[in-house]
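Let me begin by handing over the structure; questions about it come next.
Just so it is clear, A, B, C, D, E and F label the chains in written order, and each chain counts residues from 1 on its own.
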């Protein structure tokens, strides 16, 4: 169950409102790298957590924190769109700078749909999508999903930080960047607890590894048709990172034949030319139709 | 540029066609854990690769391999739907078992839309979505996206393996499971080359870390309102995994105030009750409308 | 800022696990009538609230409660999928009833993607979509969005209640149905405070109504080509519900002409036949291309 | 069955074509507040209407009218994009102002995809989505969906009206605003016929209300962790709006326990650490795999 | 402007209601091959039609007819779901066959979301998507889109016809199949009027064809790495179908080099390893950040 | 199985980088007219091909070529975004022109999400959608889908060609335009092989045409309510294009009655007013609930 106190986790000040920056901030709210995604992701992982209790609790702790991050950013969007009134007040020549920004690059729906507040969309107005909420039921896979989310999230936040000269916004973003640093470390710490690279991989570690094809599990298969690929590195020779195999570099070759699906079945209503002539089955199928 | 030879990377045999298993295989084709995603993801990462050439080449190698995996699975779907004709042939009582399966749990669009072949959708028929193709421009973030993709992919493949008794399908899946083992290791190997956990994190390592808020970058913030959270572990004390800080456990507290967005601006056409009365600006804005 | 205590707002018991009912419950989690939608909707409305403070606070209160409802339902889904192990244990003949249900009507992704836990999707597996989160910036419009959400939500919950014989599930749903009753009343209460039907409509009440076309604002326009429409009622005569006009019933007739968009512009690369011949402008445009 | 006469319901004139305004108009065509949505919504509600015949007829009348509104707006978009040719004709310096607008804020797909005509998308280019078409099978819930749609629609239309100085566009919008006034009243009139607030609520009124949890159906539950919430109002004391209960204000408290999902089942292929050691069932499940 | 008469274009009778067939019919309503798509497609093409008036009129005629087809199918869905009550009446053992069908393969949302009526979704419940509405502004391209839509539509309708034994449904579908025959012919007739294959192609015929690369416009490029491709046919030799070139069969070879995007730019916050060391520009960019 | 050589199919040079053109190029990558669509479409058609082997091979040949086209365009996008660094270097006044373009019309996600590289989205940032990948299992229907795709694709490419003055970009586009010419011809050639218009239509030609309603298969049905429709042409008289009927022009009239769905079923929880009073079945259904 959840509670709130109406205050912000961190102060949000906007020195110079900027509808175009409001548009960019939407990426951190409703984008695939954004806070709605991590909030829902950690929540759903917690609600489906099986195994040691502490991971469920930790996921819930941080999922709840991320809800506060959406709140920070939604407030920042609203304040960046607040500038309009003031600009309008100063407007002498009859032009409305807010409207001009909406016309020329800001998000029209910030005026048209939300009346100058944040929305559950990314910086292109593409709606948040529940498919981004990853919870596999496998704790290690989920931890990688989380490290990845916090990495893309921190990359996004630094790009936003570098895109604005507004002190208030830079300050808020430096807080969010710091939290992303912590959260990257946090999910890595779980992986360490779970046994580190060798203990965790290959994920899932509960599948009996002897059942996988032993001829293809540690080979880098090169699909390059000639010899000049530069794709040599740590992955093409030496002990595998999970400690369970030896890397090799091999040319990819077909192990299978050319597939032949045969003629089309009557109930699929392909063109006649796709069916086998003189096939009594097909004839009777068509007879049945008539 | 790309080439093909029309053969399959691995043999695809279906001993007993099963339209319901065809539906489940769609998850591995057009689902978020599927082969279309990894194929496109590695391709786009390669095409946008900046920095050492070998990573571009390697991404291209493996992206090209994944295209062959879609081919394997699409063939498997078509063959699992092939069973219909044979079943129909044996049909005496006039009932068509294929149609019954379509009615009772298989994917109707395998008959209605594709005429018994694979589609670019997941096991619920939800179309493949380009938003799943992650390429951040940051090599380390991308590698985590890739480890995660191969982890979710291997988890999916083991679940499919365990869901069928068909020898041909089990054999094909054991090949794909093996390739996922390799690919997990492959992306981890890049992270090792890039400096391992300490060298890579916090991602992006090119952001001057002193600019992030130093009070919140290694603290586990507990949002639990009372004292009985179990969320203690490797992440709540000791050296941080990136080696750049010390973990602490702290109660989350608001650093900001309650936000006050003030009255609504006339051009947003809120209800009158949301606007500040006696505001001369608002009055003149409405006068202008009339 | 948000907090949690790890407990459920209401007890969740599942007497007889049922993967097919788990699938149906997804509609109440990630569907357009579901809890993710109302949670995010009330949150975003709160975060963008301008005007009297109490509405912001109330929206935040209830948005936070809805997060707990997602938690209830996600737990219910996980428990309905838990049945599998027990069933398997009792399994003698080698058939796995869970797998059979997955094959024949339950949601395959509950096994394949989430490992037997809830997902951010509806009962067809269609992902939650941020476009459903309505916050217009107009308090009255938002209240109607909320009444509507709680009405569709209560209709859904009663249908779910009627679809199960499981006592635990019926009890949990009777709690959620009760909360929907309250929330319908709650948003109606705001509309009453805002002046009731006459004070609130037409929404937005801040638009100077004399600027709308006075000939068409209280007329029911009948598009029926002959005289036998039954579409007469409270809306076709008498005082309008907002008290600002008189209803009439009129035949719809075109007030405008047939549109003529003229010939196509060269830069649109229509077929030549769509362009005006002998047009010197078009000729010069094509000359420029050459 | 449907008919047409090729004329517009209202005249559409564009004095000064404006590709950026064409982009904004798309919100009223393919956006969630737009005419495609209400057209399809009223149609589907009519086609599924059970109960008194007059509601079916009325829904069909107005659904058919809304099709004419899409036509108005689509024509307006095409005419706002028509300006290009004229501008180009006057162009001396070689710069194409249309192209510049497309580059700097107008919708590129108006050139690239539709050749200067309207599309079934919103102002961000996000496609119209059938999930927005609400028809619950419950007449009262549908009426609220309709009031809400016409409220958001009129808010949108007034914002568009205020965003343009073009007389033709303002005139067309003043017609659409007027129709939205009528349609808000129309759906409210149905609710009045159905018994008004007390007769209609809680929706659905066909569910035996004594089956909902009687302890939680008229209580405002405050999730605020301390005492300073401002969320007091009409909803926290006095008779409920539906006349069937008494409002109270209460602190939300957990009625349920902390959920414990237990260990993971082998067929989900979680990490081994998530499973219960020494569980004979799990051991035998893995044995079966080998 | 549009009108209606409330009657159906063709009679809809359902002899034996079948919720699973209702689910399949949804493909013909809200699927990519369905009636909503063609209705909207012909409408949008009409509304954006530039050039000879008759094509605009014809598109409007048929777009309006397609609206009546959605009506037919929506009625058919509702009637196929009507069976439930009757079945329930006959129910003795307490099991509800409708509910069982919903559980085991019919569409749960037909009960949960729409209360036994049609929805704007396909047979998997995936919502209708506005991106499917094709109107390119080029009449010939649009005609191919329309031929294709009616071809996929007729294929779908024949598959549905073959999936049911219900006489009423078969009769309604035989009407829709007939209309698809007409509409395929209708759009082909326009292409014939526009000059047939040689007059129409390559589309757009308004682009000065001498500006396209003359070395690659009539060559079949084989990407097969070895010589055993069977891909020889009408397209690999002889006069091209548009009469403007000669087909050849050639091995595809790279005309370009391997791309080198160089080092990453600081404002993208790639990993340091992706940037060029000793680059003074990068150093100063980072200095500016500090 | 697939291979690559790391080189481009054609040279990609960008003389003057332009982030706004990069945005427009995205339409040709991830848009519905783009290369991802045709690549996947031809691949899936090949993988599901039944009937003569040469069509499968040909589809695979060209699908593989299209992958190289995505590569070309992705490289072009990256190079158009490369300009930023150079511009920044020349920057004196402290303004970053790249950032200004991002702010004022370029795609923010090219900075925020992909770090200056291509994405799997269209020019509005709407993600590529698997529903666009058409493969019906009917070869002729698929060929029309392909002609249509290459027609819309060539229209798009000519519009892009006309939108840029960059020589490198114009050269690359003139190559892609040429390939679209070939591919239009290629799919038309298959249709010719399959028997031309008369042999191919009505699609599917395997459905026994005598089963379609013979009264409505060659009639143009006019839905115009008065006599002044201009919709007369090749389609309204003379031999049908498929040679199997005679075109007529007829007024559309309803063949069916007004539908009456009757009262609502209790388990749908409509409003009471929608149910039939005094219906004993309904009463007992409600009794069962209590």
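FYI, a contact is a pair of C-beta atoms (placed from the backbone, for glycine too) under 8 Å apart; a residue touches a chain by one contact, two chains touch by 3 or more.
Heads up on the chains, UniProt names are A, B, C, D, E, F = Manganese catalase family protein.
All figures in this text were calculated on a predicted structure; none of them were measured in a lab.
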item: Proportion of interface numbers common to subunit A and subunit F (over half same, under half different); value: different
item: Higher-contact pair (C-beta pairs counted), D-E versus A-D; value: D-E
item: Selected pair, out of D-E, B-D or A-E, that shares over half of its residue contact pairs with A-C; value: D-E
item: Intercentroid distance (Cα basis), subunit B paired with subunit A, Å; value: 7
item: For subunit B paired with subunit E, centre-to-centre distance based on mean C-alpha positions, whole Å; value: 26
item: Multi-partner residues of subunit A (at least 2 other chains); value: 1-9, 32-33, 47-48, 50, 53, 57, 60-61, 64-65, 68, 75, 78, 99, 104-105, 111, 113, 115-117, 121, 124-127, 129, 131-132, 136-138, 140, 155, 158-159, 163, 203-204, 207, 211, 223-225, 229, 252, 254, 259, 261-262, 264, 267-270, 289
item: Arrangement of touching chains [line / ring / star / complete / other]; value: complete
item: Of subunit E, residues touching subunit B in the complex; value: 20-21, 23-24, 27, 31-33, 104-105, 122-126, 155-156, 159-160, 163, 223-226, 228-229, 252, 254, 259-264, 266, 268-275, 286, 289-290
item: In the complex, subunit D residues that touch subunit B; value: 155, 158-159, 162, 225, 267-269, 289
item: Subunit A-touching residues of subunit C, taken from the complex the two chains share; value: 1-9, 30, 36, 40, 43-44, 47-48, 50, 57, 60-61, 64-65, 67-68, 70-71, 74-75, 78, 113-121, 127-133, 135-138
item: Residue ranges of subunit B touching subunit E (in the complex, touch as defined); value: 1-6, 47-53, 99, 102-105, 107-109, 111-113, 115, 121, 124-127, 137-140, 194-195, 200, 203-208, 210-211
item: Complex contact set, residues of subunit F against subunit E; value: 3, 5-12, 32-33, 53-54, 56-58, 60-62, 64-65, 68, 72, 75, 78-79, 82, 84-85, 88-89, 96, 98-99, 111, 115-117, 126, 129, 131-132, 134, 136-138, 140-141, 144-145, 147-148, 151-152, 154-155, 158, 161, 171, 174-175, 177-182, 184-186, 188-190, 192-193, 197, 201-204, 207, 209, 211-225, 229-235, 240-242, 245, 247, 252, 254-259, 261-262, 264-265, 267-270, 281, 285
